[in-house]
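Written out below as structure tokens is the structure these notes cover.
Chain lettering (A, B, C, D and E) follows the sequence in which the chains are written, and residue indices restart at 1 in each chain.
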Amino acid sequence: AGKTIKIGFLAPLTGAVAAWGKPGLDGCQIWAERVNAAGGITLGDGSYSVEFVSYDNEYDPAKARTGATKLIREDGVSFIMMLGGDTWPGVQPVADKTGMLFSTLLPSDLSPDTSTLIAPAEVHPIYNVTGVEWLAENKPELKTAVMCAQDDALGLPSVATYLAAFEAAGIEMLDEPLLFDPATTDFAPVVTRLISKSPDIVCLDTCYSDYVHPIAEQLFQQGFTGQIISCTADFYDQMIAKTSEDFMEGFVFQFPDFDDPALNGGNINFTDPNGFYEEFNRRHPGQWGAVSWEYASIMDLWKAAAEKAGSASPDAVAAAMKEGKGKHAFGDADWWGTELFGIDNALVGDWPVVAIEKGKARIKDFRSIPDWYARHGDLLIKHMKAYDQMWDQRS
Amino acid sequence: MLLEMKNIAVNYGKINAIRNISVAVPEGKIVTIIGGNGAGKTTTLRAMSGMLPVAAGEITFEGKRIDHLPAHKVVANGIAHVPEGRRVFPDMTVEENLRTGAFLRKDKEAVEADLADVFRRFPRLRERRTQMAKTMSGGEQQMLAIGRALMSKPRLLLMDEPSMGLAPVIVEEIARIIEEINANGLSVVLVEQNAELALELADYAYVLETGNAAMEGPADELHGNEHVRAAYLGL
Amino acid sequence: MPKFLIWTAALAALVALPHGLSFSQQEILVFLTINVLLVASYRLLTLTGEWSLAHVVIMGVGAYSSALLTKKLGVYVPVSMLLGGVIAALIAVLLSFPLFRMKGFYFLIGSFAAGEIIRLLWKRFRDPFGGAKGIKGIDPMPDFSIGFYKFDFFEPTSYYYFAGVIVAFCLWILWRIEKSPVGLTFHAVHWQDKLAQASGVNVRAYRTLAFAIASGFAGISGALLAHYVGTINPNAFDIDLMVFVLTWAIVGGTATFYGPILGCVVLTVLNEIVLRELGLEQMRPLVYGAIMILSILFLPNGLESIVQKFTQRRAPDGAPERSPAE
Amino acid sequence: MTDFLEVKDLTMRFGGLTAVDSLSFKVAHGTIHGLIGPNGAGKTTTFNMISGFYKPSGGQVLLRGEDISGLQMHEVARRGVVRTFQHSTLFAELTVLENALVGTHMPFRPNIFAAIIGWDREDRSGAEARAREALEFFGLDHLMRERAGDLSHGHQRALGMAVAYASHPDVILLDEPFTGMNPEETRQMMGLMERLKGDGITILIVEHDMQAIMGLCDTITCMSFGKFLAEGGPQEIRNHPAVIEAYLGGARHVA
Amino acid sequence: MLDLLAQTGLNAVYAASYISLVAVGLVLIFGVMGVINFAHGELFMAGAYAIVALYAGLNVPFFLAVAAGLLFVGCLGLLMERALFRPLKDNPLGGLVASIGFLMILQALAVMGFGVRMVHIPPVTQEVIAFSDKVRLPVARLYVIIAAIVLLSALWYFLKRTRFGWALRASAQDPEAAALQGISITQTARIAMFIGAGLAGIAGALTAPLVSVNPHMGHSVIVTAFIVIIVGGVGSLEGAIVASVAYALVHTFVTTFWDGVLADIVGLSLMLVVLIVKPTGLFGSADRA
């Protein structure tokens, strides 16, 4: 008792991007309470309780740099979790100088320049190939697709990935991907354009939920009845309320609810997903989404590695993490990524394909990302290159 | 007394613009206030119509205290003010400007009659009834400002330098109008640089000097006064 | 002579300052120094009476230019910073053609639109601007040593000294301009452009001049930022930061040279240090908004009016500072 | 006396309205020339065209034989034609001295680089000397440090002229300089104008104060409805029947 | 193709409707108060959250909730008038800063009350008017269109035909002179703020079920509104409406036939072009900027 390990949480907590940080911090608090209640983290010299120290970086690289400095040099944290994206490059020099271990939710931050940045939660957007692959296998009658995405750092690599996945699956694109401005609020014109070619599949890429909802609603109202595939479908129950159970039936996406029975399987490394989900919804009703669990899942990985290493020092934890099979939330996984990111710091393994059935999201399958990549990696690289998304293309 | 202003003081921030001024306007008379630049004439008028808060003293109109009322309520009592510098509504047409003058009136037909009357007096305004006020010439705007004040059918008309910028023929016309409306029972407070004109029109006159009342008396008396002749009539 | 002493003491305090601060406060100090130049250059533009919403984007022009010059052409960093300023000034001259047909509110929104177009171009042209992700891995200022002090530009203190010298020099130039006949002409253009024109002042040329100079220094501040943080992206120069610059200037007061600087320093310290220290992290926008409202209600002439009261009492009949704005 | 400033067939149309209708007149060097006419006759519009504030719809403004119509206001000013404005238009927030310094813009054109390095000492002191001279000329030197907006009306008018005077103009255009002045102030102002004239400056003046116009002007042009009506010396104009009819009226308040 | 054109036309009409509601409110406030209300987008947001609280939260009937939203946001407008703009009436820059402060507070309150993420509103109606298979107008959107037409016509009548309209216009142009005509400028300021804010509120309330409601939703709305009122000419209601329609048409058609980012660039460039050709906007006049 009395000994604590501090973990840094460096993400936007206010401002327009706060939705990508705040729920994650909420999830981490739950994680910390549960771990501390269960005796904390046991290292070589006894057990420690965990404490999260947060710094609101407002999604600004300069503030992120300041925050990283504060967390490392003043608060003495052992590990820093970030959203990444715009803010990572500001932190990178600090990471290089201090050797601190960082995690990001956006693997496009990875590069050979920094070995201490890992992307262990999700390898956005590569896992999206699993959804397309599953769809092509299970609904072979779907032949044509269109897609749209916001024109930003999340949208573009996602577009490239889906293009590769559709090409691999032999599904024809009827139209160029439609890019819209992130400030868009009225999606009627976007949807009108999308369905003007009468596609079998509409792909929403990695649209944020702020876009997915109105787009789905517009698809419904403008009379689309085909297949929809999307990276996320946060608050899908509300989408059903706005459209209909029929309309949403079969909607494919990649982020399960954590009360899914399939998550109780032995392959899952996330501690008590059902309980976590329940607790989160109790405290923050209506706020569950992908970020809610991802930061916590990184902490599971970190905790395991730290306990294995018997130390919280960044080097030791990093080394322990990389030893042997990685423990990804959805199963064993490999550190991977050289071709896309120039470094094997992304944890890749199986990923769930989720579909909505009778108004409830259900995991339909766990599919292996590395398997797909082994077969179609060249396609992915081709499309990534076309959108300037390869690590060596990013200036 | 129609309007009575007793021991009024007005400040702009720390500046005492007027210190102790009393003015009385008898029913149906023309009272003029003359004085050099910055003497406080405009300030006095603005205090009367409630545009400036008074620091001391009281103002009554028809026996009612009005010194604490905001301008729009003072005006509702029957006082109209032709402000210094015209202050027409730049982006309204001539006719709209005139109609704004009748804003508080409910007697629609009489308003139309008065409008026709203003147009009769100032044919130039009728010619330009759809022109934007801001594109009118300086003198035309002055006519418009006077016309607008008449449209409210006031019982007391406050005029701040109505002759300013007007051609001599028009000045004469204005003088005639003042006399005519006064003959119809309207009382007038006239502030003028053109003291000659003012003293000729007025029944009673006040002379202000740097915020204080320096002199007062029947207009023709002051017209004969040596000091007034030297200082304000240029004689 | 006491004036000389005051300046020396101030200089010493500025040199000693980082050593009394925590690490993160040193970081904030660096950004504060850069923002001081940004807001001081903004004031020069406002001297002519125009309020632009493109200033931060112009700062970005300096940042992008300098970053690209070092990255693509290998230009030596301090030189590229200077060139960043020059390019920002040139862009401003270009923008002045459409923008200075407008005045007042139209100029305000027109400049916003022009800025947004530049930002959209950065986003749209991934080569060379890097699209929405912007540019990263921008060369830092190369380390060097001047004998008794070794500059390690990762360290905020070193960069603070480096940027401090540049910013001080730029402020000195801005100050010289403002106190010169040119500065007087800027004021004249603001208060009565018609009369200025009738006095033979080419109002359009002077507006453009002020815009270009202000933009040049904004560009330098952008370059200083880019080579410290090492990354820039279109979102870093969006309207949110512009709103901050605007409020620094107005809350500080724009009647004096130091008003906007004061506003920048006080509000930044409040927002980045005090409110965070108080643990109000997620409530900061609420409190900050309230502070802004209260300060403008109770100090309508800006924070500078406090200083003015103080200094004017001491020097009752010296040449008065220019009187409060508007 | 030579023809110095000439207005030739000057025309200004606003939509359907012809505010100034092929107006022609000549101003001789070194004189005070009055432009009078009923309200809305087009005097201010004429001024605006001469000074470059409006671009004429037709006709020419000739200065020493050079066509200056259509030039911008500062270009016209640089050729020596400076105007003052109706109402006291000043740099209200600047001091009296600073106002006059702006007036020296043309003779002592500021240079930004010299200003930063400090190589413009001579120009600065030259400009200041000129500004002080102008203020002295109009008896404003004791008010040098006052804020212009705080001056009395009369002083503001004088300052307006001082600003114009500081730029060494050849011609000054004055639009209703006497409005809001009492006879005493008018007399002082007239004295100032005589001094300007004595300094070799040509003055073109629009005014409704007949006392001033008749007392000052060498020549008076009267216009009405945008057109030329009459021209002559004060005596002639005073007795010109068309002018009396259109403008002066019974003249019971005219000096 | 004809279908596509027709559907796009309908989309544009809807967009024009809600943009003009917001823009006209902004114009009105600027015209009468002389301040740029940066918080206008947040008033829109407040209208949307009123629906969240009342309709989604307390099951108040939708149109009752919309009316309540209008009143609530109108009262926010009154609050701003009393607390911010009246004390700062001679200080337009101060008013601008105060409105920015108010914006931050409203956003922060929304976050505190409803979280940082989008919130949900059950659909009001799922009915769709189908002109053909591919030309469909959801009834919920029709509400917005009808509201815009009705409210803006009413406002137009109010401003052009009634005494209050005169009062608003007169006090916008010269408050002191207006007071001298018997117009209470405090009263007109209140009316303008109430109507201006209320229009933003009702636009937010009516569109709330159709968009993603989140604390930062005001941002893009106000940017559009600024563009529109500049193109229309600051202070001109007709201008704001005409420009809303023009902007919505251009933006919608470019989005549908090219892409959304290009639509933004085209929209902004078009605005610059208008301003270059006519620096005071389509219906603006030189002296009002």
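We take it that a residue touches a chain if its C-beta (ideal position, glycine included) is under 8 Å from a C-beta of that chain, and two chains touch if they have at least 3 such contacts.
Quick caveat, the model's predicted, so the values are computed rather than measured.
Chemist: Spell out the chains that contact subunit B while also contacting subunit E.
Modeler: Joint contacts: the list comes back empty.
Chemist: Tell me which of B-D and C-E has more C-beta pairs in contact.
Modeler: C-E
Chemist: If we define chain centres by averaging CA atoms, which chain lands farthest from subunit C? Would you check?
Modeler: B
Chemist: For subunit E, which other chain has the most distant CA centre?
Modeler: D
Chemist: Using CA atom averages as chain centres, what separation in Å is found between subunit C and subunit E?
Modeler: 33
Chemist: Based only on mean CA positions, could you tell me how far subunit C sits from subunit D in angstrom?
Modeler: Computed from C-alpha means, the inter-chain centre distance equals 42 Å.
Chemist: Roughly how far is subunit A from subunit D, centre to centre by C-alpha average, rounded to an integer in Å?
Modeler: 74
Chemist: From the C-alpha centre of subunit A to that of subunit C, how far is it in Å?
Modeler: That pair's centroid distance is 38 Å.
Chemist: For subunit A, give me the residues that contact two or more of the other chains.
Modeler: Residues 14-15, 22, 151 of subunit A each touch two or more of the other chains.
Chemist: For subunit E, give me the residues that contact two or more of the other chains.
Modeler: 108, 111, 223, 261, 264
Chemist: According to the definition already given, which pairs of chains are in contact?
Modeler: Taking the chains two at a time, the touching pairs are A-C, A-E, B-D, B-E, C-D, C-E.
Chemist: Okay, in this complex, where on subunit C does subunit D touch?
Modeler: Listed in rising order, the residues are 173, 176-177, 180-182, 184-185, 187-188, 191-192, 194-203, 209, 213, 319-320, 322-323, 325.
Chemist: Would you tell me which residues of subunit C are touching subunit A in their complex?
Modeler: Residue list for subunit C touching subunit A: 22-24, 27-28, 31, 71, 123-124, 126-128, 130-137, 140, 154, 156, 225, 228-233, 235-236, 240, 272, 276, 281-282, 284-285.
Chemist: Which stretch or stretches of subunit E touch subunit C in the complex?
Modeler: Within the complex, subunit E contacts subunit C at residues 30, 36, 38, 84, 87-88, 90-94, 96-98, 100-105, 107-109, 111-112, 223, 226-227, 230, 234, 261, 264-265, 268-269, 271-272, 275-276, 279-281, 284, 289.
Chemist: Inside the complex, what are the residues of subunit B that reach subunit D?
Modeler: So the residues of subunit B in touch with subunit D come to 34, 36-38, 85, 124, 135-140, 142-143, 161, 164-172, 175, 193-197, 200, 231-235.
Chemist: Write out the stretch or stretches of subunit D touching subunit B in their complex.
Modeler: Going by the criterion above, the answer is residues 14, 36-41, 44, 86-87, 152-154, 176, 179-187, 208, 210-211, 246-254.
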